[in-house]
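Heads up, there are several structures right after this.
Below, chain A partners chain B and then partners chain C, in two separate complexes.
And now, the complex of A and B:
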């Protein structure tokens, strides 16, 4: 087999380009990480320290940013007075609940759509994904009316249902791609071995595991980050982290310290999740096209 | 360990007919080969036996039990697939143990059976490997192992050795045949390779375009093909066919090809008379039943020119140009003949086949 490596020759332009690439990466890194760093540092400062600014033009004064006495007051306040423990729990239940429901229903629907041939299958598939094409705002009012008359507004099941409405089509499409890649013969072998349909589906589940993993992450991310559903459908009884954080901005006083701490609390778990299953995410999104 | 009856079975995929009015009786412990080119309905038939396809109409019996509506898991069959269909995330041991696990056998029994099968197939040392770490032949043995651990009533093989290299294939032919005799299990084996059919099967069912052409022992199929398709499909190199005319002179009948004349035996003449053959027929003769002699003055039925010679090691294939057609002759290797040389070809009259040119049916 011919080598697929691209032959490169050294030239002044190419050297200059590689320097530019490095410069770009540094700028991009600072651009991305700086706000997060400021958020993290500020969450440990009291308000006076947080707004301490160096004199204009005094670049040496950057050190001021790090000149403070760390305090965990904001975190303590979040978890005692502001009940963030409850909101974290709500966020987790809503995100994981929706992920589990979507994966369960999505797996079965995707399996059926991958294996069965019937009239109108293409149209059905398109209809499923088309429900994701409408902007969330467009469906919010009718959804709210339906949820209110069913008593689902302000409850966690309501929120899970709302997220599932949006996650399920996505689940079906992603997982169908994975099931399509599993040769039917493997299932047939299982059937001949003495399995029924359920058992043969369970038999091939490990083969679509990367898809399920990738989907769970995307699903959790969507639900965790969501503000619109949470503020309208989850308002009251099922308040999640983004909504709770937004409520820290009050007419009389913007509680910067608490907001920073809340930001850390909200983003940290997802960043860990992303790091943890980064590999899955790549294989998942390329639909198994990338070979390990 | 059961007989199989396929009764008036039809299979349609939408409006496409795959199998037409199929009737086959597979005897207890028999090795039956379904042979035919791709798209002839042999795999569909096998999959209906396995329960992986619905039967459009007709009935299939295992012994006295009608299996039409019985799902694969309750048919007590084992199947080896063309692409092996191993479970990629399981080890060889787990792959082979799966059918037993489904039967809820206890662990010691499972281990005993798997090791027994692995020993028989000589893959004991591979039990802890995953399918990706196996060669084609090893994968195929694992697939066979998965089939034999359970001692099923019926083995179904769907071109199991089609993807192996030639040497391994010829080795596995012997192994599979030996295994089937040893386990004494009714076996249906699908292949497009006529050699596999001839070498392994007790009986062969030749299929073409969804229709069963002929069912018989390898000897019957090879020596007495029922029509032109079977005659041409079975045998390597394939049978030679020549369009001839029948000429009758008194009691004797002869076949005329251009200006060459071939007198038939009395028995052959009688068959053609009784069956009222049309005067236009097709002659069929296997390359083994021809003799060739070089030179202009050979005193043989056909005069020809050498077109090409293909040495096969011990034997040699000679393609000879008769003018309108070419004929392949197989003989022991000699260093005779360059392309263009004149030669004479003689036909062994007793090995001759004559087919109706319209229907392809064989007279003899």
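And now, the complex of A and C:
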């Protein structure tokens, strides 16, 4: 860059402006982090502490938030009485199953779509992306009837198939963009050197491997966070974490402590994974339209 | 072995004349076998996708023309286009569309303006890396959890946001989610909290692609930072913002988890966007035929959005890769 920094002269207006900017950033930071902090803190509070609030307009009383003796009772309760271990297992199987199927088939299809030219390719691609964009509820209406008659409602395979409806088109679409960026010359060189087509595909796999890995993680994320499919198609035998969390709401009383703890259990691994694939996250969440 | 095959192919085509320069033309290079090979690679995914999307779609059309009976042994009753004609007299259906657009418009306008503002402030600043890490956290949260979290914050007896609003004196009486005029804002705020960071990240990626030369040239010509933003950065950002708007709008009716959890469409249908209504019709009242008709109307919007999106993806002027070397 020639000169990214341009000389700026100090003026009262400018320093007032920069103070404004800093205040805005602080407010935005608090607004983003506060709910997360409250969730984390509340999950360690017992019922009485969690419901403590300062009096209205009592700005000094905010410290009440941190005035508690931490307890891990809610977490213990989740894993002993509420069988959250089982739900984590269900979530993991459903998410991983669908992610692996989607990315495996998706890689093959994406490679083919990237290399082949044929009539109707555009329409095929459009069909694929519109499948991914269809509203979950609308997809679920016929899927529910079909799965009901074939006994897939309430089973993990049913849930895996349901998640594949959005993961597979996602994987195909986004990995196609990855293969498009790998020059054909590499495979060509491999072919000239005596490799067969399968070997030449393996030759370029290392180039797309990080992306493939990242999109497995993203597929896991999408399915892990899903609630609608899990609540209708997984209802009964295949209860996942979000559904189990929602079931903590009972008619008599909402168990807020447990819900917050369940929220932490559901969210923490995904945040960790999100940080892990940080580089591919925006690409993934924008269907490959934006690359960083 | 393979080398020999290639030689034979070229000889067959009568093009082998000793020394020959092979340009980068993969199509000529062993065309036919490769095509079949690629088709075989493509087939499993396409078949699976057809089984779980095309086949249900045919079912959806069938269902929309019938009165679907969920009791085993009973066969579906032919209803013709009744399910569709009933939609026209269905007040909730029309309201669902209006609420959906209202909800999306509110979400999008706040998210875009906030996200762009944050991105501009953070671009090239020391805090950029730190904030990006912070940004990731709400986005990774399951919408259900976000819904519960905000329900907790809005709660009328122990919610911190409820306390904040009361202390500021903006909220008069009643709870936030139980109030017709506040519920929509409350739901929008949840979406804004979760997804403004995505807009900011997209905008940041876009700002990195704004040609520095143009900015400098404009500054040399005497433009201030604000003028510079509107006449150079914003036009360059436009495709990114378009993508952001389309994707967020799409997700606004793809995911209704937060609304389902927080208000269930209430109070008095104030937050009942069309997908929520569809959920009620199909999975609360189990009127699957009518649900199918609503679903088809939603899918039409999806297809329309998809057409726009693919145009944006393909249009060379909107190519988001500045140099094609990513």
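Observations on the model:
By our rule, the second predicted complex is superposed on the first by the 258 of 292 C-alpha atoms of A that agree within 3 Å, B and C clash if a C-alpha of one lies under 4 Å from a C-alpha of the other, contacts with A are read in each partner's own complex, and residues count from 1 in each chain.
Here is the rule we go by: a contact is a pair of C-beta atoms (placed from the backbone, for glycine too) under 8 Å apart; a residue touches a chain by one contact, two chains touch by 3 or more.
Source: prediction; values computed, not measured.
By the touch criterion defined above, A:38 lies against chain C but remains apart from chain B after alignment on the C-alpha atoms of chain A. When the shared chain is aligned, chain B comes close enough to touch A:206, but chain C does not.
In the superposed model, A:155 lies in contact with neither chain B nor chain C. By the document's definition of touching, both partners, chain B and chain C, reach A:185. By the touch criterion defined above, A:196 reaches both chain B and chain C.
Annotation for chain A, partner touching more residues between chain B and chain C: C.
In the superposition on chain A, contact of A:71 is made with neither chain B nor chain C.
In the three-chain superposition model, chain A touches both chain B and chain C at residues 185, 188, 191-192, 194-196. The touching residues of chain A, when paired with chain C in their complex, are 1-4, 6, 21, 24-25, 28-29, 31-36, 38-39, 42, 50-54, 56-59, 65, 101, 105-106, 108-109, 111-113, 115-118, 124-131, 133-146, 148, 161-162, 164-165, 168-169, 172, 181, 184-185, 188, 191-192, 194-197, 221, 224-228, 232, 241-242, 245-246, 256, 259-260, 262-263, 266-267, 270-271, 273-275, 278, 281-282, 285-287, 289-292.
Remark: chain C residues 1-3, 6, 24, 26-27, 29-30, 34-35, 37-39, 41-42, 44-46, 48-49, 52-57, 59-60, 63, 68, 70, 114, 117-118, 121-122, 124, 127, 131-145, 148-150, 152-153, 157-158, 160, 163, 166-167, 169, 193, 197-198, 201-202, 204-206, 208, 212-213, 216, 219, 240, 243-244, 247, 250, 253-257, 260-261, 275, 278-279, 282-283, 288, 291-292, 294-296, 298-299, 302-303, 305-307, 309-310, 312-313, 320-321, 326 touch chain A in the complex.
Residues of chain B touching chain A in their complex: 50-52, 71-73, 77-79, 81-83, 85-89, 98-99, 102-103, 146, 156.
Of all residues in chain A, only 183, 185-186, 188-196, 199, 203, 206-207 touch chain B in the complex they form.
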